[in-house]
Structures are given as structure tokens and as C-alpha cells.
Amino acid sequence: MKILVQAEAFDLGAEVNAISQGHTDIGAIASFVGLARDSNEGSGVQAMTLEHYPGMTEKALAALVDEARSRWALLDVTVIHRVGRLLPGDSIVLVAVASSHRGEAFAACEYIMDALKTRAPFWKKEETPEGERWVDARVSDDAAAARWTDS
Amino acid sequence: MKILVQAEAFDLGAEVNAISQGHTDIGAIASFVGLARDSNEGSGVQAMTLEHYPGMTEKALAALVDEARSRWALLDVTVIHRVGRLLPGDSIVLVAVASSHRGEAFAACEYIMDALKTRAPFWKKEETPEGERWVDARVSDDAAAARWTDS
Amino acid sequence: MNLRVLYFARLREHFGLAEENVDFAGATAADLVAQLQARGGVWAEELAAGRAFRVAVNQDIVTLDAILPDHAEVAIFPPVTGG
Amino acid sequence: MNLRVLYFARLREHFGLAEENVDFAGATAADLVAQLQARGGVWAEELAAGRAFRVAVNQDIVTLDAILPDHAEVAIFPPVTGG
């Protein structure tokens, strides 16, 4: 298990290789990369800055990875979240989940992303032609996270 | 869109970079890598050989990617499936899906994998200590694929 | 009419044949399967009612009531297991 | 009792403050919020009933009825928007 909060870019291929290297019991690795987009809610976005709560961030990410591990039979999990200033096209977050079977890998990867979106203390501030603005939490993210408790 | 059937290994990082490079409208890339395991149904597996139906394979993969594109708003899709002899730990299949939003990327990636498992003409033959054997189709794969038509 | 018939995986191995041209007087995929079954031996065994196999016509999977066009490429193979 | 109180994102900017020590005579997170609101101005505005904010105590998110232990690290921040 690997959880990192860092300013630097990450390398999806290297992270997934690190999970699979030397293992012959992994049948499935589901992964996700979130990227900074050039527009949001109708405005152009020239850049964004990610703020976080050092200490709590790592604790919150570890807690939601532990929840995923208790729900599904997982062999390994990597979560990397960037902070600081990012440009459109830059990667923001990586979640990679290894399991024997694909259903568990997919479910756990999506669960971790949904939980991260509502429970890990990161905040985005966007630079737009109209000035800077803090991104508001999305109702759709709350709904996505709630799916996992309803079922 | 990129669909390949090849004997050579693929590079997840390079494929996902090729999707995202120069794009600033992609918010989410969900990807999946399936790997050869060292055991299946209680037997050790020393190697496997993947046979396919040249011509139909590419056509079947293109059809299920088209279905995914008609169901979800996708920006790009890459599917690579290896054929020939593979060893435990080797990668078999890669599916990567880019979308503006993560829910669509995850759903389409899992849909393509589920459909591929039941409709793309690949067959696995395993080498075990008890000899060679053709892998039987899994009831769980039929169930996974059927989820998408029931909903 | 004339069909090009392909076999894959376990069927290819058991039949000892990857591909053949078949003179066909029937109409549907079921008729072709019956004609092959009538060869007896491994053909009767692998294509018996209750055995799981799939039929593709010109590279699309079809049901057994599908009409076979002349010069069709017909493939018979076990349920797929890729991925 | 004494609390270390942290603010993040929009609240940090509006309050012009990332962190402070607060003398606290109440019991719950709601009491602390009321005490800060009583400062008026941006404090009253950002912490008004109906405004969305979250409270964490010693780095776990809590509900407003949570009891605050002495020397707790309390953080107040907007709903999170990472990922």
C-alpha cells in the first residue's frame, strides 16, 4: 500500500509496474487518473491551485483505502494526490488497485475515488479570465459517494 | 480510438499518455490491465497461450467500443489484447477510457472488459503440472456482461 | 452452395482441422451443424446437443436459426475466454 | 480550555488567518462555531446557519455535537473539492 501527497507529477506506468512487478497472483489492476481540465461550469480555467490539510490528508486517504480493503479482497493499492499549482492537462490524482479478479479491482478503485472526492481535505482554486475562484463541492460527488452506503 | 491485437507487451503509461497528450478537456482516464496468474481453479499455471480469430477479433472489439461510445460521452478509447504464449505476471489486456467525468470513464472501461470477456474471440490454453487444458468460459463472466443489458 | 468453415481452440484441436471448404445443401447454421455432426466420431461428440459452442457467420456471432449465404465464412468455436 | 484552530481554503482567505489558539469555555464543536460567529463580520457571515462548512477534531471529520477535548486540533473548512 502506498499513499503519497506531492507537488511533483507521477508516472502511471511506473506505479502500476511497481504494483505488479514480481507478483504472479494479480489478475487485475484497475486504475484511474484525474486531470485538470481547461474549463469548468462554463468558464475557461487557466490554472488551478490545490490546497490541502497536511497530516489529516494522509490520515483520511489511509482510512478510505482501509475501508476499501475491508470491503473487497485487494492485493495492493496506490493513491497519489498532487498539491500546488497545476495547468490544464496536468494529472491531479492517481488511484491504482490490484486484485485477483477484475470486479473487485474496478469497484474498489471507483469507491476510493468517490470517497476521496467527499472526504479527503483538498480544495481547488481556479484561475479564470474573470479572476480566481474556489471550486464549490459538487452535489454529484455527494451522490456518487452515497451510492456505496446505500447498497 | 485505437484497437490492437498483438504478441508484444504493451506499456500502460505510454498508452495513457498518448490519450492525454495535448488534450485539456479530459478530466478522467479509467484504465484496466489484466494479467496472467500463476493459478486457476486450484491448479498451478506455468504458462498460457492465447489463440484468436484474426479479422473477427478486431471487428468484435471495434463493435463493443462503439457500443460503449454510444452509451457514454467518451473522448477516447484504447484496447490492446495480446495473443500467443504468456507467462504468469505478463499483461494480457489493456483497456483505457478517457472522458470529461470519472463516472462515465469507469462505467465504459468496465463495460468494455465485461463485453470483451464474453464476445471477443480469444481462447486461453493453460499449461499446468497435469498437462495442457483449454480454459472453460466462466458463468461469472456471463453474469458480469448481462448486468449491462438488465439495467 | 459452398462454405468456408473455420474451427478454433478446442474444436480445432479435436477435429484436427483449422479450416475446410464444405458443400452445403441446407439453409441454416443448425443445418450445417447437423451435417458436420453426421460425420460421427469427434464431430458427433463436440457438436452434440447440450455442448457449448458458438457459430459466427462472416465474423458476426449468430444464433443457430441464421440463414447461411453462399460463400459465407462460417466459424465454429467454444465460448470465448480472453481478457 | 485551549484549542488550536485551523482554517483552510476560502475560510482561511476570508478570515485572513490560517491558524490561531482559542480560549474555549464551551463543550461542543457547535459551541466553538457560535463563539467564532460572535466575532461578527466575515466570521458571522461564513459560519452562519445554512453555510456549508466542515469541522474536524484531531484530523477526523465530526458532527457539530462532537465534544472538544482540551488541546484539540480543530479545523474548520469548506466542503472538500479534491481529486
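Each chain gets a letter, A, B, C and D, in the order it is written, and its residues are counted from 1.
In this text, a residue touches a chain if its C-beta (ideal position, glycine included) is under 8 Å from a C-beta of that chain, and two chains touch if they have at least 3 such contacts.
Here the structure is a predicted model, which is why all the values come from computation and not from measurement.
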Longest centre-to-centre distance from chain B, chain (CA-based): D
Whole-Å gap between the CA centroids of chain C and chain D: 72
Euclidean distance of C-alpha centroids - chain B vs chain C, Å: 26
For chain A paired with chain C, centre-to-centre distance based on mean C-alpha positions, whole Å: 48
Contacts with 2+ other chains: residues of chain C: none
Sequence positions of chain B contacting 2 or more other chains: 34, 113
Pairs of chains, among all present, that meet the touch criterion: A-B, A-D, B-C
Residues on chain A engaged by chain B in the complex (per definition of touch): 11-14, 16, 20, 22-39, 88-89, 91, 100, 102-103, 105-106, 109-110, 113, 140, 144
Chain D to chain A touching residues, read off their complex: 6, 8-10, 12-13, 52, 56, 59-61, 75, 77-83
Chain B residues touching chain C - in the complex, by the definition given at the top: 34, 50-53, 55-56, 59-60, 81, 92-93, 113, 116-125, 134-138
